[in-house]
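What follows are several structures.
Look for chain A in each of the two complexes below; its partner is chain B in the first and chain C in the second.
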Partner chain A sequence: MTTPIATDAMYRNDEGMGIWEHRGKVAAVGVGHAPTARRWDGRPETCVGAISIQALRQAIADAGVAPDQIDGLVVVRETTTGAFWEEGKPLPMDVIQSFQQTDDPLDGIAKLSAEWLLANMPELSNVKFTMYGPGCMSNALNVTAQAVGDGLAHTCLVVKSWHNFEGRYYQGGANAGDALPGTPAITQLWGGPASYSTALQFAEYCRKYGKTHEMMAPFMENSRRNGLRFPEGYWAQHRPEELGPEDYLASRWIAKPANLFDNDIPIMMSGAYLFSTAERAADMKQKPVYILNHASSNTRPRSLLPTLDEVEDDTARTGRKIYEGAGITADDLSFENMYDGFSLFHQFHLEGLGFRGIKFGEALDFYATDISIEGPNPVSPSGGNVGSGRSRVWMHTDCIQQLQGRAGERQVTGVTPEVAVSGGPMPLGGNFTVWSASPD
Partner chain B sequence: MQRDTPVQAGGGLRGKRGYDGALVQEEYVTVLISFDIDGTLEVGDPPGPLTMDMVRLVRDKGFLIGSCSDRTLSGQRGIWATHEIEVDFVVSKHMLPDVKAKFEADTYVHIGDREDLDRQYALKAGFDFLWPDEAVAHDYFQPAP
Partner chain C sequence: MAKQGVVPDSLSQPFWDAANEERLVIQYCLDCDQLQHPPGDTCRGCSKGDELEWKTVSGRGTIYNYGVVHDCPVRLLQQDQPFNLAVIMLEEDPGIQMFSHLPGVPVDDVPVGAAVEVIFEPSANGQLVPEWRVVAD
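Right, the complex of A and B next:
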């Protein structure tokens, strides 16, 4: 079979769509994560395909489902944003020959197809539905939820993986050439570091509301603290280092006012989930976490970079879409778990949600209050990419685990975990999922 | 762990020559070495060729030593504490000028593995620069005769 890329029909992009038609009828049950690493060490068993298989098998086992009961697979085909196989570099034939291959020799090494996974996971003998959710787990989750709701699959796996090679991030691939077509010629080839558009928005945010970069320190410290309680994450597994205010503020600028720690660390990782219908999920090994809604932003900025005004308009719109389709309000959120990789846009997501009633320009003051997992207003209990490395996955795993009551040392204790939302990546152009401990 | 003040501001004897090139006296010189961590020290990620024993060696020679890395300051201190090496400074990557302003030395050297983040920063701050492989072979890291 040839796997299609999800079409617009799989997403909820607009306001006014009403309650999601499958609200409470789709559930996440199993979670799987492979061990992380800073970079690929060149071995077959640690390539991005191998760790994806590992994560998927964990998710299957975690849900207690027989592999032959699985009939769907949603995959994020892209496994990097900035670590590309150097042109002309010899192919690692020993690795390639360790697996069933597809037409692309770098499948399973620098990218990931559904066909490669199915060829190397013979136990998934009854998968009839496959689809790509581009870019992020946030996107793929929307696709998976809609697919299960629509009956395209009743028991569906979803996986997002990241590879990281030696060398500098964002220096290879198209960026290594002398020319790029269209807008990327300005934004990538001749542009600043990847975080510079967020840095510009944050600088304007500080000017508009009278805030400072130093006010980010409590959020950063809290995020790393939570990340160090995330045993699946990079920092917890490899470098259990706190990120106190002195550490954060002493770091060098990457794109002022974005410093090194405002940029997430690229890693090798894979995360997978098993989704099913609410009826089937009830009999599985873990407590079902029900999907109340999914929502997306497909807003395009007027010019090359989104302005702060555009960001605020769109995050507010996203918040309204999230709540409308789920039939909830901001008051229903037990905690907040939006994306953070770049940390300087986390407050845009937070303010767009109106979490705990905060308005635009108030998030950095909110960070100075008790935002810990023990307090009444947990912010990013997952720790996000700041806490566990670049994945865009942690916040989703955390929502599931928190609502299942198995987040371990990270479990929120100041609130009862009942309803949560997670998603990203960017304030313009993200995908979001609303999770609930109950289907109602 | 970090030394509050240099326990011995020195680095070794340097020959001083007269106008005719003849050795007329020896003077005590102060050497300050700044170590990058990742790709430079054996405890880095990736590991580098400089061992912690080599660091101890230059410390015992009386060099001023410390680390200059993208790792957090607390993380750098943690590495030194784990290996029970007292250092004079830990700074972030862009702070070599601060080190030079704080410590008086005859020679300032930074050892690192990156052209952009180590060599360029070092030269701009007025430090000499050594690649890790060059450093391993340098007299600094040879036992005193």
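Right, the complex of A and C next:
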């Protein structure tokens, strides 16, 4: 069995597609997370493959499903935080020999194939459908929802994991070399770090609307507060530190106006979910959370970096796609849970959704109001990557757990959790899922 | 600022050859009548490849936006941290952007909107690279 990458047919990229044909007929039930770590310690039991198995087994147990009932598996193959296995570095033979290895010796260590997972999870004896969703859990969730809706699988696992090796990320390879090939040189000669593009969009936003970087502080404080109530997250597990305005604003610049905390911390992590048809989900251990729609954006900027105009056009379009296919409006959202890594683009997602009627240029003022989980307008109750480290998964787990009423200390109390949307990563280019406590 | 060398590949060869002659050329689609940068094998507007050529542009533009890089992934540039990294919009088409370190402009004191003109600076292997300097009033 070779696993295909999802084709365009799996995504809902366009406006005018109408209500999603499987609205309310697919549900998320089980959630699984492996413990996080700052970096891989080199042991077989903590490699990215091992933590993926751990998260998947937890999602299966959480849903109360027998493994042989599972017939689908959607995987994000890419697991790097930016750290790569250096060329010429000896292979970790003890790790490789601890598993059923595929042809690729770094499978399960620096990447993850569906074949590797199936070889090392013999209990998944009835999986007949496998597919890759590229990049992010947000993407893989769209694929999983569509696959279950289309009947490609009736009970389907989905997993996204991250590996983080020793060393400073992104600093090897071409960035350390004497010369660059001509085409990538046009963008890479200049030394912009990963958050540079977002920093520029934020700078333009501040100039256009008269806002400042300081105005991010309440959002950052709220996100970390929520993250510390996310027992699956990195900061809760390893560094239970609040992030007050003074600490946030005193941190060093990476690409001004983006500082250290505006950049999410790379970690080892794995998150998994179990999806099923609404009928089957009704008999499982957890309350089903129904999928009302999924939507995607694959918009590219015209030139090197997205301009603020391009960002606002596309987030507004994404908002319309999300609502159209789900048959809802912004008024139906119980809380806001879009992606935040980098923190400086969270307001674009929020404004594109028009959460609580907010228009372009208003989100930073909104951050100064009550955005807590106890209030009437919860923003990022998951705490996102700011609150729990780089995963691009927290907002999805949080939406499911909030709507199941088992978000624990993070449970929203000022609103009734009924309908939510989560997704990302970028304002230009992302995948989004609409969740509901009820199928209609 | 010292920049890594550049080894032109087939797609970018005309861009870098022109730079060595101190000319700025940008890929152009005859069918769409549109400039395209960075260059591609096909036009991002019409997906055709056979209508692409290179057009010499004036080398005038304005500063659209900037950030200050304090933590740079490129080893050679780390000695110059912090440094300005600006985005220039071309006079011919403000939708076309180019990067610049804005030589001579103090760090974090960048005149957004100011007029700039292209200059050419040698990189580590001698290949000239388009850079931009603020035009005096």
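As a working rule, the second predicted complex is superposed on the first by the 420 of 440 C-alpha atoms of A that agree within 3 Å, B and C clash if a C-alpha of one lies under 4 Å from a C-alpha of the other, contacts with A are read in each partner's own complex, and residues count from 1 in each chain.
Assume contacts are C-beta pairs under 8 Å (C-beta built on N, C-alpha and C of every residue); 3 or more make two chains touch, one makes a residue touch a chain.
Everything quoted here is computed from the prediction, not taken from an experiment.
Touch criterion met: A:Ala203 reaches chain C, while chain B stays clear of it.
When the two complexes are overlaid on their common chain A, residue A:Arg38 makes contact with chain B while staying clear of chain C. Looking at the shared chain after the overlay, A:Gly182 reaches chain C, while chain B stays out of its contact range. In the superposition on chain A, A:Gly191 makes contact with chain C only, not with chain B.
Look at A:Asp150: by the touch rule set out above, it reaches neither chain B nor chain C. In the superposed model, C is the one of chain B and chain C that contacts more residues of chain A. Once chain A of one complex is fitted onto chain A of the other, the partner contacts of A:Gly244 are limited to chain B, with no touch recorded for chain C.
Judged by the touch definition given at the top, the superposed model places A:Arg252 against both chain B and chain C.
Judged by the touch definition given at the top, the superposed model places A:Asp332 against neither chain B nor chain C.
Comparing which residues of chain A touch chain B with which touch chain C, the overlap comprises 252-253.
Across the complex, chain A meets chain C through its residues 170-171, 175-183, 185-194, 196, 199-200, 203-204, 207, 252-258, 300, 302-305, 307. Against chain A, in their complex, chain B makes its touches with residues 45-46, 70-75, 78, 91-95. Contact residues on chain C toward chain A in their complex (touch as defined above): 3-9, 11-13, 15-16, 37-39, 44, 64-75, 77, 82-83, 85, 87, 95-101, 108, 112, 123-125, 129. Chain A meets chain B in the complex at residues 38-39, 238-239, 241-244, 246-248, 250-253, 260-261.
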